[in-house]
């Protein structure tokens, strides 16, 4: 069960409205790697967690924090939209410097939400649950989380340069710090888990089946012209778990057959030769 | 530019048709972490890569390999659907053991694709590009790739137990090996990049702004009842980049204000008190 | 800012696993009118609320409660999936009565989530934000909420009959009670708001424009053969706000023109007569 | 079966082209609460209606009217796009006042539809059937319809202020009038149905189960800090159907357990302790 | 404006309920090439049609007919769902032959629509407007229509074999006949248009630009191993408009450059060498 | 299996950056009829092809070519985005002629992809597999392909006029030529197939069922007021396969019944009269 308190986790106070920026910040709220994604991803991972109380508690801590980040971004967007009514926009249109900022508004911020934040990205695409994952395998999911915080922090950093508003920037600096911590956090969890089970996900696949496939688990297939890729650690070093050395195949040959599927029955209506005049 | 050769990368030869399994394997083809996702993700990362020839070449090598993995799965699914015409299904329905396997067919495999693979997941949801990312930041994207290969290999391992067909299992073992290599590969690339730029994405955010936010970059906020989370490396250790020690906040207080957005103009029609009888 | 406590709002304890039911209950979690929808809808309405502290607080109360309902359903689904591993399913397949229940599992509950709940509906379609609304107009949004609780409670009532599991049914009775209260709650709020502003949304549209359109605001257009519709209150009574009596038009004639759009310029390449200079 | 006549239901005649406005009006055509939504919602409710001839006829009347509203909006958008070819836009770009209007065009209106309306919202998101509902329960669906007409009319009213074009405004006034009537209509139908069956959806859930859950059907759970919500009718009054008085719980305690799901079998590959070295 | 009459275009009368078949037939209603698609595609093409009264009238004729086809399929699905309440299903489960048919029900037909048709495909994916096109170019759109009727008729033919119900089959035969006519119709329209403007879409692209690109307009690039493709009419014949003979390139070489995009500015945070310690 | 070579199929070299144009060109990459669609459509058709080696090889040839077209467009978009960092945009904003071009950037090109191409259309909607088809019936699919190349070439032609950049235009001319060839190619394949099997898809539906439905396969139903449609080849000529002459029905009467579905059981909770035992 959850409870809400009215104060925001961190201060959100913009210097002046900027509807165009509000449109861009929607990416951080309802985009693929926005706060809705990490909120839902961590909560579902926590709710589905089985047999790992320490991790479950941790996931619920951070998932609950992220609901508050969605809340902060809604407040930020609402403030940036303040005073962007059609009449005020018409007024602003007379001043060229204001015109661009006001005219860059997302029309749905006017028509649909009445100056409120929307659960969508910067292009108006609704958030969907295809962005998130909760697989039950902790190492896999912590990697998903580290990726999400990396992509998310990158986006905040980029949008940071798109405004000079010191209020917005102060909020972003708080988010950047938390996203940095969250990257640390998932790295620490990943270290713990890799220490225990090894680096490959899943760790528990039957070893004898692993044996047969071992050679292919160390090969780099050079399928794009040029051999620049031969100088990377992935081509020249050893597997991180010490199971062997990588092999660079500069001109790999296919090992499989040419597919030859069976001709389907006439009632599938492929209309192949001899099928057209049917029973 | 690309070229195609007719042989599959690895042998694909099933023992017997199994339409229900074909339905399940669609997850590995057109699901969130299926082969279509890694194929498109690596290709877009390669095509968008700027100023890193070694990585670009590597991304094109593996992206090109993945097109061939989509091809292998299509062949696998086609074979599992062989002979699943409506008449053959009606015949099979008389034998209870066959009935379940034949009756578990995805109806679109009959009606829409005529016993061919579809670009959809195991529940029939079409693949969409919201599953993938190509951010331009290599470390962020390699983390996305490591996550994708972890989730993908986990799914192959799970579905491995859902069949006894040795032909299918042999194909899966090849895929498990390649997914293992690809995990190694992204780990190796991540090591190189972290060595160079540090572990936080992005590395290049202005250091003076980092300073202000430094305290919050080390705090764990305990927002879910219970302190099991206090025993993890994320709460007790140091930041992976040595910038400080983590701080566990057992009862954190919000640091922000209570939001108080401005009442919108009447032409937004919020119908607040005094707005209802309009100009 | 939010906080989480570990206990569920209401007891969730199923009698026995039932993967097929778990699949069906996903509708109540991640479907169009599932708990994810009301949770996100009320939270966004609360976060975007301007100038109505009483309503904002109320929306945050109920939105926060709904996060806990999503949590309850995740727990319910996890319990219904207990013990549904592939090996256990193979075992169950030998017993016809168990076979149907175990075999009716959503394959993604095995392959993707490892026996955890997914943010999707009963057919595997991911939840998306196109299901919800937060318009800023309180009366409009309370009507959306009353609709959501009506549809949601209807779905719980229907699925109630699809199981005899007393643990599941007890949980559903709690949800039915809360959904009943929430219907009362939105009705009460609607009464307050209609009392203040009138029954039409929005209330604040300029009255002089209303005057011109008044006749059409009272007409029923009978455009489907048959006059059964003429006996309803909408055809025979007065407008709820007393602005006039309804008029039933049994054979209404169109009042508009035949559209005659302008022929587009050649560079739009409609290839009309005389434009195809290049054949 | 349906028939079409060429005249529009109401006159549509714009004063001058305005591609930017055309882009915005797409919201009213293909958005979540646009005319495509009400058209498809009423038609599906009518087609699925069982055992209520009066309501079925009424739903078919209004659903058929709404096809004509989609038609009107297509005509409106086509007119607003007249003369917006690339060459004409380049010409307009020389005049600053024209430039904004012409440059604000949705690029798909040029590239994809050749100056025609598209079945999408103002941000280019395709209409999808996840926006609509036809549940079979008339009271639930009439509430969905009242909500749709409320949100839809609100959007028309807002966009009304975004143009001074008297032709467009005249069309909008017709639509506002019809949306007003349609709100009346659903209110009247709701009154009839509530009168007959009571106010709670569904009405027919077994009474004995209702009894057990009765207390929770009257409680307001105050889960967000602050008690402003205690002053509303939902906290202080009686249930609309007179089944009891509301109870305000200022500090509600959870009544459920702490979930403790079963550790899954190794072949799900959660990689828990002791699972990593597998059979 | 539209009108509705109560009779269906063709008789719809099933012999007995079959919920599993109802689920499959959803593909023909709300799938990619279902009746909703052709209905919306023809209507939008008609509404957007400029300067071609004959074609516009024809598009409105057939688009209006297709609304009636959606109606027929809703009636068909409702009849197939008759009597599929949970209690009746439980009863049926005792008879193995009934069990499969009743148990194969789409759960949303129970939970969401109460035995009504849904605007979704056979897998439960909601219909969306990304399935249709109305480009303004008549020849392009007639080809889209011919494709839609070909795919749609193919699907009806396939599903025809999945039932022995003579009532369902009779309805399908009517649909097959209409889909056949509609294929004829689009072929006839295509003939007219190709006769007038030539076979290439668009016909009106500037001839001088065509000249430069002429050689590449006749080349077949053999990029997949094997030369079976060299024996088709596309490799050995002449262009249908007589502009030249096809050329088969057995081993084509790329004619472009190796892309070498510019290294992005540091504030994009690609974290390339030398960017990590930022201003 | 596939291989990649570094050179592009055709030269791509823009004259100068133009972020607004980059946004528009996304339509040709990730839109409904963009290069991603034809690439995936041809590859899936090739992979699923059964019993037609000549066609399979041809589909793989052209599908492989289309991967290279996606690559070319990514290169084109990257070049158009060169130098569009926030700081460079701020600089450009001082020059009105540059301001429009730089300001028209898709915000995701900055925030999400860091100046890279995205797998989305010009409005930011992610590509999805609902755009493509691989039915197994060759004639049906060739018609889908001819449609895709027609719509695609039309879009390239339209966007051609939206830029004066000679580098971009040269690339487009290459694409227009290839799209022209691909139209020829599908026409040639269609001719071959129609010659063999007849013009109706599918050809193999049982002839005796065809007989019963023959009259309806020749009728034009005039359901939209006005008889302009009576003058087309579809109303006045013969069926393309000579099976009869078309018949124009100027005032067609419905031939079906009025649907009368069965009242559902109480546990579906339609709340019909007499069902609401609990009010």
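Think of it as A, B, C, D, E and F in the order they're written, each chain with its own count starting at 1.
Here, contacts are C-beta pairs under 8 Å (C-beta built on N, C-alpha and C of every residue); 3 or more make two chains touch, one makes a residue touch a chain.
What you see is a predicted model; the values in this text were computed from it and never measured.
Visitor: What are the mutual neighbours of chain D and chain E in this structure?
Guide: Per touch definition, common to chain D and chain E: A, B, C, F.
Visitor: Farthest chain from chain D, going by the mean of C-alpha atoms per chain?
Guide: Computed centres place B farthest from chain D.
Visitor: Among all other chains, pick the one whose mean CA position is farthest from the mean CA position of chain C.
Guide: Most remote chain from chain C, centroid-wise, comes out as F.
Visitor: Please state the rotation angle, between 0 and 180 degrees and to the nearest 5, that superposes the Cα atoms of chain A on chain D.
Guide: About 120 degrees, rounded to the nearest 5.
Visitor: What whole-Å value do you get for the distance between chain E and chain F if each is reduced to the mean of its CA atoms?
Guide: 9
Visitor: At what distance in angstrom does the C-alpha mean of chain F lie from that of chain A?
Guide: 28
Visitor: Where in chain B do residues touch at least two different other chains?
Guide: Only 1-9, 32, 47, 50, 60-61, 63-65, 68, 75, 78, 85-87, 110, 112, 114-115, 120, 123-126, 128, 130, 133, 135-137, 139, 154, 157-158, 161, 201-202, 204-205, 223-224, 226, 254, 256, 259, 261-262, 264, 267-270 qualify.
Visitor: Using the touch definition up top, name the residues of chain B that touch chain A in the complex.
Guide: 5-13, 32-33, 46, 53-58, 60-65, 68, 72, 75, 78-79, 82-83, 85-88, 110, 114-115, 125, 128, 130-131, 133, 135, 137, 139-140, 143-144, 146-147, 149-151, 153-154, 157, 160, 169, 173-174, 176-178, 180-181, 183-189, 191-192, 199-202, 204-205, 209-210, 212-224, 226-229, 231-234, 237, 239-240, 246, 254-259, 261-262, 264-265, 267-270
Visitor: If you look only at chain D, which of its residues touch chain E in the complex?
Guide: By the definition above, chain D touches chain E via 1-9, 30, 36, 40, 43-44, 47-48, 50, 60-61, 63-65, 67-68, 70-71, 74-75, 78, 112-120, 126-130, 132-137.
Visitor: Show which residues of chain D lie in contact with chain B when the two form their complex.
Guide: Residues 154, 157-158, 161, 267-269 of chain D touch chain B in their complex.
Visitor: Spell out the part of chain F that touches chain A in their complex, as residue ranges.
Guide: Residues 1-6, 47, 50-52, 85-87, 93, 99, 103, 106-108, 110-112, 114, 120, 123-126, 136-139, 193, 196-198, 201-207 of chain F touch chain A in their complex.
Visitor: Considering the complex alone, what residue numbers of chain E touch chain B?
Guide: 23-24, 27, 31-32, 100, 104, 121-125, 154-155, 158-159, 161-162, 223-226, 254, 256, 259, 261-264, 266, 268-273, 275-279
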